[in-house]
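In what follows, a structure is listed as structure tokens, so that the remarks can point back to it.
Letters are used for the chains, namely A, B, C, D, E and F, taken in the order the chains are written, and counting of residues starts over at 1 for each.
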Amino acid sequence: MYQRTNGRGHDELRPISIDTNFVTNSGGSALITVGSTMLLCTANVESGVPQFRRDTGLGWLTAEYGMLPGATHTRTSREAAIGKQGGRTVEIQRLIGRSLRQAVDFRKLGESTIQIDCDVLQADGGTRTAAITGGCVALYYALQQVSPDAFVGWVAAVSVGEVWNEVLLDMDYGEDGQADSDVNVVMMQDRGLVEIQGTAERKPVAHSKLQTALELAEQGITELFKHQESSTTK
Amino acid sequence: MYQRTNGRGHDELRPISIDTNFVTNSGGSALITVGSTMLLCTANVESGVPQFRRDTGLGWLTAEYGMLPGATHTRTSREAAIGKQGGRTVEIQRLIGRSLRQAVDFRKLGESTIQIDCDVLQADGGTRTAAITGGCVALYYALQQVSPDAFVGWVAAVSVGEVWNEVLLDMDYGEDGQADSDVNVVMMQDRGLVEIQGTAERKPVAHSKLQTALELAEQGITELFKHQESSTTK
Amino acid sequence: MYQRTNGRGHDELRPISIDTNFVTNSGGSALITVGSTMLLCTANVESGVPQFRRDTGLGWLTAEYGMLPGATHTRTSREAAIGKQGGRTVEIQRLIGRSLRQAVDFRKLGESTIQIDCDVLQADGGTRTAAITGGCVALYYALQQVSPDAFVGWVAAVSVGEVWNEVLLDMDYGEDGQADSDVNVVMMQDRGLVEIQGTAERKPVAHSKLQTALELAEQGITELFKHQESSTTK
Amino acid sequence: MYQRTNGRGHDELRPISIDTNFVTNSGGSALITVGSTMLLCTANVESGVPQFRRDTGLGWLTAEYGMLPGATHTRTSREAAIGKQGGRTVEIQRLIGRSLRQAVDFRKLGESTIQIDCDVLQADGGTRTAAITGGCVALYYALQQVSPDAFVGWVAAVSVGEVWNEVLLDMDYGEDGQADSDVNVVMMQDRGLVEIQGTAERKPVAHSKLQTALELAEQGITELFKHQESSTTK
Amino acid sequence: MYQRTNGRGHDELRPISIDTNFVTNSGGSALITVGSTMLLCTANVESGVPQFRRDTGLGWLTAEYGMLPGATHTRTSREAAIGKQGGRTVEIQRLIGRSLRQAVDFRKLGESTIQIDCDVLQADGGTRTAAITGGCVALYYALQQVSPDAFVGWVAAVSVGEVWNEVLLDMDYGEDGQADSDVNVVMMQDRGLVEIQGTAERKPVAHSKLQTALELAEQGITELFKHQESSTTK
Amino acid sequence: MYQRTNGRGHDELRPISIDTNFVTNSGGSALITVGSTMLLCTANVESGVPQFRRDTGLGWLTAEYGMLPGATHTRTSREAAIGKQGGRTVEIQRLIGRSLRQAVDFRKLGESTIQIDCDVLQADGGTRTAAITGGCVALYYALQQVSPDAFVGWVAAVSVGEVWNEVLLDMDYGEDGQADSDVNVVMMQDRGLVEIQGTAERKPVAHSKLQTALELAEQGITELFKHQESSTTK
């Protein structure tokens, strides 16, 4: 049976902390750590909406994701210096945006745009799901200042994957490298599944394993909702 | 109950055709039409592999996706003129690449790179899944010429979505616009699930609905495998 | 004496077909094949004109040209992925635009912009002239829907070149590679010469040879006008 | 009858000067003025050739063209700041390159690359033809230093155009704006036509007018050859 | 007389902290806070040097600077999304690179390249000088692991400026906005001045004021050297 | 003791000439030569100001700097072809802009933007300081035409550096390569220091040497003011 670092159970999340006062210039912010993975998420509300939303009375939310060059063991090139965002970055920030748009009632927000920024300060697996979980906390705070009732509920995410025939919750970087499959699950509190992105780069997945993975994910995400909530009552 | 165009059943694919002789300059090609959606897929094998695969003895496969400006009802700007590929394009071509890599035994291919190109000549919903299904046929032909036993098996894809509380197979553009959720499913013949990308932009999805969707997708994909096979025996 | 493929005469065009119903989302379209060369041309009319035409009451026409990566024997890199259009592409699309602007009465069109897109599905020489000939058919159909009397007349194009001291009409890719000179001629029905672009990369051209080439081109273009006309009466 | 500035005849060139010592850091240089049009042309020879010429024993020549922002009456945006060369620039530098490659015997040069740079310091019509004429002088000097016998002969260029039904030699900017057609002719001394680029943006051109234009161009270019020659014997 | 926030004296630095264990994936790192300004600096050593240093036996150091979008009161656009680094970023990272190259003995390092990354997590004035001070600490740690004796000594920086005729040490963002002049001073321990960049956007500076500013800067930098040193002995 | 080319004294400028009639299409222009360094500077005034200046009643000035590829001994790549301006270019044009903004009273100019372009035709050291000195002359002429009283006074610049322990005024390219330090000084007539940018890439600078350098610079700049003035009275 596969032994996880620090004796962690297959259905156990890594230690989590969410600090909402690490930086203060944005409308809302959250420094989220999940094991050794650390991201700084900020949320800012700007008046106006993109062209396709004009004169609809509805707001919008977009997200951007970045990785500091020193966040990985081997330095990652800076996308601003290269002159474009890589495919992985684009894919991730679209996922974050779609997920967090569920948490906002755009009629109540009105024609404003929420900009979520998730920057990885240190990467050890699960950065895209931590970005969603932490980004939602930053979003909550930003909405508190401008339109509190536009916040619909918590959205959080976790990865599950199959390593050596065992389904593991919240894989770290080392586990991710050995996994046959990797499923990112995004859920909304009291509502259900928001996004699912499953990839089986090594070998196809049986339906039953997918079902197990979804159940494990739901259990982990329920715990994440508690972390999000308690971060707002400190 | 929702009435589909042309009296199509909720579990029925649109008419499909695959023409493997439309163009002849590439190693393999397929003009695939799914209803009014039409893509030209080509596959070419080049010697050499990207940096991260060098000296591993293993091959590689990458995919690119494009949309001709006139493919949509309202003209779409040309990405080559804008100077970058949009987020949607990047997301789709990464999905195609991951999916079709399952169909190749890279040890048997050796240090060569297969380049899949999927260009949408006309768009009416389901272009990314048609790209996978048609791209796999082009891939099959290209491998026949250089390394036939590197072909592992058929990979095909279809979308399923929930429209007015009914789960529909293979949504067209009009249905896609009304859907509460949209799940793209990629499977491999005799193997199982390769990729799943589910998005619930309108409202979260219950687990049971996801199960229904996966079953419907499996049924549709089984039919697609037959189209792929018969395209190779004409 | 130089022997052309399939016993074609030095003053003979390759077989031509123009299909105006291959795709239907654009205002007008034409799938044109000239021998093994195949392009999909679409025309779309959008309201508004570029800055320099504003408040003149006059319309405008621009053209874009592209090559699918699999269109050539050896795969061509995708310009959208590279991030810019190559010099050859830019040169060709400017030629198409200048040529087809002759076919439109911009006072009658009013402040709208016609966008011509010519995409090469398969390349075997003469893609830029086929783009003009096919693009004009797409243009004709797009104008029929919005402003039929703004169509002034047919514009068509062909290449002529000198191979082994013989002047050949409508060179294919193999002939082009051996040619001492290459002249692209664009004419307008009943009007005369619209564009001429002659290049002598191998050896300078005598005036008399240029005269012969122009006459041969005129003869070929006269035949192309008939193909354009008959494509509109099917 | 159309009256030209300064009583210039319809078959008369503007005053020309070529200064080959204005700058000295390049292998060869020429400051060419044609009326109020002024360009600085430089030529530099670098060892090595582009990929497609490797191991052929043959050299290569490429050209680049630029316009200083202050060269035009209304300031032109700097292409380096915009981040790409415009279509007109690309079209012109390809013409210069093709034209000047005629002047070099690449077997004698060996695997070196000649880089021609033509930068417009002041623009008053005819910058692309002045670039060819001046660029050939810079080329001559650069070859004198490394491979004198690789210089094959003078290449020069001029524009001719039809203004108010009269064919004019060497149009200035004001004439260019009124011209019905504009033909750029490039010739090689004792050899004949190298490039012809004729555009009839206003109305198609009759064959006879084209003949007249070519004769006028030949006469003007013959005079340009003399200026090129005398610039080398100062 | 100008009153500074928190009763700070005109010759007083803001509170400083340097945390060298905030992240651990890079060769060396420092989270530096100067008042409300906070940067994460990392240093990584890679084998190999840029082209111009090859085969010299000498190493190299380059620096990159970035600002997280949420670091400023009003969100700053992400340079990776825009597709290029702005002028201010380029200017700053060149300054950091030149400054920190003084701290390295490149003969002792050998043909390796040190990459310094300084990313602003929160901005309140003085980010470029904090980047130099913090970047030097990250550099120190990275060199400890590969080539300790290549570290020559501490380099630190501070800004001084004239506000309402008074010369102030270490201006914050609010002071910077009112300053008539702004001088960034970089010094090396026991060695002297490394860089000086003085700008008088509002009114020119008298020589005597410059002298006063340099003395104030030297005093502040002396204190910074102590912070750098003590951060290495925790 | 270090011997300068042509027996020039350590405190002597190179021969200078400023030609304000070399080109005539811009609002103002100056061809400045300093020894073998030669730049063409132009100034153009356009109505309107950047976003951040709108509705303030104040004008603006920006500067761009470029280097012709043939300006250097070894050809420099064209930034327009590369697709971006290099770091050195960006740094220099920001310096020119900041310096010349001192010379304009933006209240008197009103909401117009002055665009300064400084292009190096030949480089032999000191191009950025010559750009400021020559750019100010072009600026003077452009303002004469639209708003003469918005010109506040002359701004000029020179470099000083330490070579073999001797402080030299106005270093040429050869001296620059041997210098231990390089200080660019910008001053305004009758006002004082506008910008100082000192870099000690080889070894830190003592305060006393900086003082000597500033005095030498002031002496040289005083002479440059005379050249600027006399260029306006020819």
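The criterion applied here is as follows: a contact is a pair of C-beta atoms (placed from the backbone, for glycine too) under 8 Å apart; a residue touches a chain by one contact, two chains touch by 3 or more.
Bear in mind that the values here come from a model prediction, so they are computed numbers and not experimental data.
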Round to the nearest whole Å and give the separation of the Cα centres of chain B and chain E. 50
Where the CA atoms of chain C average out and where those of chain D average out, how many Å apart are those spots? 27
When you check chain B against every other chain, which residues touch at least two of them? 83-84
Assign the assembly's chain-to-chain touch graph to one of these shapes: line, ring, star, complete, other. ring
Chains in cyclic order, anchored at chain B, direction fixed by chain C: B, C, D, F, E, A
The chain B residues in contact with chain C across the complex are 22-26, 29, 36, 38, 40, 42-44, 46, 64, 66, 68-73, 75, 78-85, 89, 115, 117, 119, 121-123
Applying the document's contact rule, which stretches of chain E touch chain F when the two form their complex? 84, 87-88, 90-91, 93-94, 98, 101-102, 183, 187-188, 191-201, 203-207, 210-211, 214
